[in-house]
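Next come two complexes, and both contain chain A; in the first it sits with chain B, in the second with chain C.
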Partner chain A sequence: MPSVGRSLPRREDRPLLQGRGRFVDDIDFDGTLHARFVRSSVAHALLLGVDSEEARAVTGVVTVVDAAELALPPLLPPIDNPDALPVPRPLLATGKIRFAGEAVAVVVADSPYVAEDAAELVAIDLEALPAVTTTAQALRDDAPRVHDQPTNVMYDKRFSTGDELPRGPVVIHRTFSSSRQTALPMEPRGLLARPHGDGLEIWASTQSPHMLALAVAAGLGLAEDQVRVMVPDVGGGFGLKAHAYPEELVVAALARRLGRPVKWVEDRAENLTSSCHARGQTIDVTVSADADGVLTSIDADVVVDMGAYGVYAHGHLLEAGGTPSMIPGPYRLRDYRFRSRAVATTKVPLGAYRGVGLPVATFVHERAMDLVAAETGVDRAEVRRRNLLRADELPYTSVTGQRYDSGDYGAALDTALREIRYSAFAEEQAEALRAGRLLGLGFAVYVEYSAVGSSVFAGRGMLGLAGYDEANVVLGPDGIVRVWTTLPSAGQGITTTFAQLTADELSVDVELVEVRPVDTAVGRLRGNGTFASRSAVSGGGAIRVSCEELRRRLLEDAADVLEASPADLEIVSDAVRVRGAGTSSVRLVDLAAAAAPDRYDVVRRHDPEHPVYPYGAHACRVEVDPVSGFVRILDYVVVEDCGRIINPRIALGQTHGAVAQGIAGALYEELSYDEHGQLQTASLMDYLVPTASEVPPVQVEHMHVPTSASLVGAKGVGESGTLAPGAALANAVADALGAECNSTPLHPTVISDLARARLARTAEGVR
Partner chain B sequence: MTMHVDVEINGVRHRREVEPRTLLSDFLRHDLGLTGTHVGCEHGVCGACTVQVDGRPVRSCLVLAVQTHGRSVRTVEDLSDPEDDVMHPLQEAFHANHALQCGFCTPGILMTIEALSADLAEMSDAAILEALSGNLCRCTGYRNIVCAIRAAGEPGDGEGTGSWA
Partner chain C sequence: MKPAPFDYIAPTDISGVLDAVAVEDAKILAGGQSLVPMLNFRLARPALLVDITRVHDLRHLRRVDGRLHIGAVTTHTDVEHSPLVREHWPLLSDAVRHIGHSQIRNAGTIGGSLAHADPAAELPAVMLALDAQMTIATGSGNRTVPARDFFHGYLQTALAPDELLTEIVLPHLPTGSGADFSEIARRSGDFALAGVAVQLQTSTDGICTSAAVALIGAGPVPLRSHAAEQRLIGSELTSGDIAECVQSACLGLNPPADLHGSADYRRRILAAQMQAGLERAAMLATADRRGHDHAR
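Here is the complex of A and B:
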């Protein structure tokens, strides 16, 4: 029986449920030392000196290291893009401090308590400089420069389909914005490094172990095979752990220099003030349409608040590159112009968070659609239908060069509208309003790229991202098929889904397949790691091509044993047999026992030639409380096409989680700074992660239009749920209030003002 | 300076000398190797570190180890044995309902809910949400967690699939 398509129970669950998971901080070796970073409390300053004398005197402190003593080169993301300036990031602040939370020194002690005590005693001598806390401020001519450059604009890309864009007759000009948010995995970052021979063994809570291994080797001047990275259980990543961070290289260097294991696990305050943030953008948009609501052009000015640095190896182009490329969304658009800038500020560096620039792009095109509808008087569903690419127009290369592979965008929208009962809503809304209740309905259509391959990364100049992934599939003498890949599991269930894929590719029982944790020493694999919803597509592809080769070898060898042609053989559960011939078969375990070592040890690579494009539509009904400004979600519907589904229950869980994060970004979460560059939301008391009460039940409908762009048929499901909630909720609240909502999160104070105004208008009989 | 602590943990009596400032979470994890209890914030918000002290759910990052002197502490490791074929009904329900992804928040949620489990069958959805209000989960969107808790309250071993209106 094929195992793909079945909701097999997860293999990862039992140890995690019984408290036998093994996360980085659960691993301990005798003599492990503990690192604690000394971080700047000031956002922008000249760093004059670090005095660690008092800290060194504390019993239990082994060493205190600052940049001078560390004496290692900065992390410089390998970016080759004519529109980008280089942004080196020192491992420990050197000469200058560029954000509050930046690591200035590190204390190593024999216990975390002592390290933390001693870190308090390290004195930082600095001369404060004015903070740069908004992009508007950073763009001013007289703004302080964050880097040693004549400008704070570290990436400036212009794109245009022509000198003159067609304009009008309907012209809408708006500014949209998204506050900073962060991935906030429940397990913060952490790394344990142990000297081993002439190199290092590292256990890291990371999504990109192979990239981390290369970064550590390069940063410390080691050969690639001197650094081994292993990934234990990872307590969530969502993009935040897709990067190699300065702290990780510092801890690795310390373990080598001290000749002892060194562990670093950040606390939540560090997580909020030094792990990457995301989504800080302001977009000025001019949308033109004809009188029927058909788009004629879009002109967008995207400004991304990149913070003080980029991230390794993605650099500072993630959102500034991604958002404008997808602002056209699932719509037919030929005339498009954008300028996109990544602007340095003295804030935490911007990096990846589930969906990266695409929730913002979706917000822009879906708010724009509602505004075009309002302006032209065309129904907002109908406006979208007139502009959506039809199924028969796909594959379609968008104006920015995105090759939308397959889908039926209109069907996704229509299903969502049916499930949310759109046609009945206007009357319900009017009736509720007469009773003083504010109901709103909103929806959003989205398309996403996922599983980006090496050619696309190279085209963007992101040379440090592999783009491909590899799998090592090994049939052992015990008859067990073991699988290693370059994609660690951080909760997505790939220990289970990869076993399902492998089982079906080889036609063996799924019980015979074991997916192993990522270990860069096994099989000498190289690859990207898991981000941008790529595991199923890219990892699945690597598993498929590896299994094809393993199957070929098995059939070839079985052909000798069975004196048959390989073409007449098939693998069934645990043996190779002659098709239709009943008894003539040889067991895999016997083939393995007789084979030369390495015969059934296959490594293959998959490098997706084109990204794939999951898409869908979200729709919701809300009620706004005019007193508190609280938005209650009454119904939430998701229609999505994530391609062929490997494990329905796991895919659904991914969507639930992604939608919850999308809702959080629309209504609750915001990293806010004061004018001195101090993060005002540096604890979970202030940064509002939704609890069970804030996340409504979500109805999920799947659709499936096959794609040829994915080897295994999957399109990726990790991120898409985050794309549309911001837009759908803003549209719903705008509908309830009869007012515009053009920035996220939607602040209760603003909403309650608008809500009261709406009720006042109603009372006066104005609609 | 150290202080003496005499505490029963998962049915076993431990007598240790600890620094008075040692958090219960660190004592459990690093002194006793009970790493099933996780630390997600160390400031009392996320609930990942929840254990039971004298049967009541307690955030072990907000309690000093010495404060458990003379008391009885229960951690996730006590819910079932690795050798058991069938886990605790709540654990089985979490498994059957895909109520965990990364599993980092899970032990804290199990220990929170297990402390109430006598009344699970009678709990309304609203009461379950209320019971969960001190536990953050970043992966699941909570829905399957609520379903699992529902299922655990139903007759059987928790293998059923709970629903949530």
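Here is the complex of A and C:
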């Protein structure tokens, strides 16, 4: 019985639910030391000195290290892009402090409590500089420079299909914005490093262990095989752990220098003020259409508030590269111009968060579609139908070079409209309004790229990202098939789904397959790690090609035993047998026992040639409370195509979680700074993560148009759910208010003002 | 996010607590739902924590001569699930359910919340509306402070550092009373942006004989809206009466502005809640009267 397509229970769940999860902080060795970073409370300053004398005197403190003592080179993301300036990031602040939360020194003690107490005693001597807290401020000629460059614009890319874009007759010019958000994994960052021989063993809460191993080796001047990274349970990553951070290299360096294990686990306050943030964009857009609502051109000016640095290895190009490339969305568009800038400010560096750049792109094109509809008087569903690429136009290379592989965008929209009961809504809305109630309906269509391979990363100039992934599939003498990959399980359920894929690729029982935690020492694997919805496509692809080779070897060897041709053999559950002949078979465990070592130990790589393009449509109904300005989501429908579904329950969970994070960005979460560069939402009291009470039931409908761009047929499901909620909810609230909502999150105070104005207009109309 | 070092003691009787808090820089730990986060952020750095949750004399809910006696370390959950409170002091019952999440209500205590005196918390406003009496143990015996004199400022109360809030006493509510509690928070379990606690008393002919309107999030301390109350007393509590009273009451309000809402925004919420809360409480007062008449 095939195991792909079945909702097998997640293998991860039982230990996690029984408290048997083993995270970095659960791992301890005798003599483990604990690191605590001393962080700047000031956003921008000259760093004159660090006085650690008092801290060193605390009983239990082993050492206090600042940049001078650390004496290691900065992390410089390997970016080769003519539009980007280099942005080196010191491991510990050197000469200058560039954001509140930046690590200035590190205290190492024999307990985390002593380390934290002593960290308070480290005095930072600084001379404050004016903070740079908005991109508007950073772009001014007289703005303080965050880096030693003549400008704060650290990436400036221009693209145009021609000198003159066709304009009009309908021209809409708007500014859209998306506030900063952060991934907020339940388990914050953490790393434990232990000296081993002349190298290091590292346990890390990371999405990219192989990249981390290389970054540590390069940063510390070690050979690649001297650094081994192992990944225990990971309590969520969502992109935030796709990077190698300065703190991780510092802890690794300390373990080597002190000759003892050193552990660092950040707390929630550090997570909010020194892990990466995301989104944080302002986009000026001019959209042109003809009188029928057919797009004629888009001109976009994207400005990204990148914060003080980039992240390793993506640099500072994530949002600024991703958003403009997908602003055309699922629509037919030939004339497009953009400028995209990443602008340095004295704020937490911007990194990856589920959806990277694409939720903002979707927000832009879906708000624009509603505005075109309003301006032309064409129904907003019909405007989209006129512009959406038809199924028979795919594959289609977009104006920015994206190769949309397969899909039926119009069918996704129409299904969503049917499920949200769009045709009946106008009447319901009018009736509710007469009773003083504000109902709104909104929808959004999206397309996403996932599973980016090495050629695309190289094209972006992101040289530190592998783009490919590898699998090591081993049939052991015990008859168990063990699988190692370069993609850690971080909550996406791949310990389960990879087992399902392996079982089907080999035609063995899924119970015989074990997916092992990532360990860079096993199989000498190299690869990218898990982000950008790539695990099923890229990791699944690597598993598939590994299994093909293992299967070939098994059939070849079984053919000898059974005196048959390999072509006449098949694997069924735990044995190879002759097709059609019931009795003639050899068990896998017997083949394994007789085989030469390494015979059934296969490593293969998959490097996706093209990205895959999941797509879908979200639709929702909302009610706005005119007094509080709160938005109640009455119905939420997702129609999506993530390709072949490996485990329906896991795919559903991914979509639910992604939609919840999308709703968070639309209605709740915002990292806001004051004019001094102090984060005002630096705890979970003020950074409003929605809870189960705030997230409505979400109806999910799947579509499946096959793609040839994915070896296993999966298109990726991790991020797609985050793309459309911002746009769908803003469109719904705008519909309820008869007013535009062009920035997220939607603030209750603003919504409440617009809602009362709407009711006042209605009352006047009635009179 | 770990507390600065402190000493810890957990006395089992009131005199043990009073001895302990006589030391400089001691702080009482009653349930820890506000204090522990403040310790972890190192916003509070006491030298000594005096844990009073093991003082059994402080955990009780008793009705004596029609009055409710609540021991200071009675948990929110104890109150939430008390049929006694539900029947006789529904305002308190309704309000407690809005406090945090169930895990917080299991640990947090009535006395702890009142002594912390967050103006955005539920219980200070409720105690104001119910004219509660606070019993305070001191080195020289007990003293009693009415709720209206208890809250002095933002996180400031009538309690001296060496005193202990031991009990809260709620007066008997006669027939013909009606109450309502409402609040608005961004997320379920958050501190309120604004809220209103209402306790009304009506005579046999439906005239309002006493009114208490207490506001959450309207200032640095929970406030009684005397302007509203004076207009309500003697009225028939029609929607029109209530609207008039709300309008005049809100004119004088000056709620705080922060990230989550401007002063105007909070004022509007308070007005809407006052209107709805008073209307519901008036209906309940009438129903209470009728129910009583039927019972006779």
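One rule holds for everything that comes next: the second predicted complex is superposed on the first by the 765 of 767 C-alpha atoms of A that agree within 3 Å, B and C clash if a C-alpha of one lies under 4 Å from a C-alpha of the other, contacts with A are read in each partner's own complex, and residues count from 1 in each chain.
Heads up, the rule we're going with is that a contact is a pair of C-beta atoms (placed from the backbone, for glycine too) under 8 Å apart; a residue touches a chain by one contact, two chains touch by 3 or more.
No experiment lies behind these values; they were computed from the predicted model shown.
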Contacts of A:Ser693 with chain B and chain C, given as first, second, both or neither: both
Partner chain(s) touched by A:Glu116 [first = chain B, second = chain C, both, neither]: second
Chain B versus chain C as contact partner of A:Ser752, first or second or both or neither: second
Touched partner set for A:Ala660, first chain B, second chain C, both or neither: first
Partner chain in contact with A:Gly21 - chain B first, chain C second, else both or neither: first
Partner chain in contact with A:Ser628 - chain B first, chain C second, else both or neither: second
First, second, both or neither for A:Phe238, with chain B first and chain C second: first
Which superposed partner A:Tyr668 touches (first chain B, second chain C, both, neither): second
First, second, both or neither for A:Thr496, with chain B first and chain C second: neither
Footprint overlap on chain A, where chain B in one structure and chain C in the other make contact: 112-113, 267-268, 683, 685, 691, 693
Touch list for chain A against partner chain C, complex: 112-113, 116-117, 120, 267-269, 627-630, 668, 672, 680-681, 683, 685-686, 688, 690-691, 693-694, 748-749, 752
Chain A - residues contacting chain B, complex: 9-10, 12-14, 16-23, 25-26, 28, 112-113, 183-188, 233-236, 238, 267-268, 490-493, 649-650, 652-653, 656-661, 683-685, 689, 691-693, 695, 697-698
List of chain B residues in touch with chain A within their complex: 19, 21-22, 26, 29-30, 34-43, 45-46, 48, 75-77, 79-80, 82, 87, 91, 94-96, 98, 100-107, 110, 128-130, 132-146, 164-165
Complex contact set, residues of chain C against chain A: 1-2, 4-5, 41-42, 184, 186-191, 193, 259-262, 265, 268-269, 272
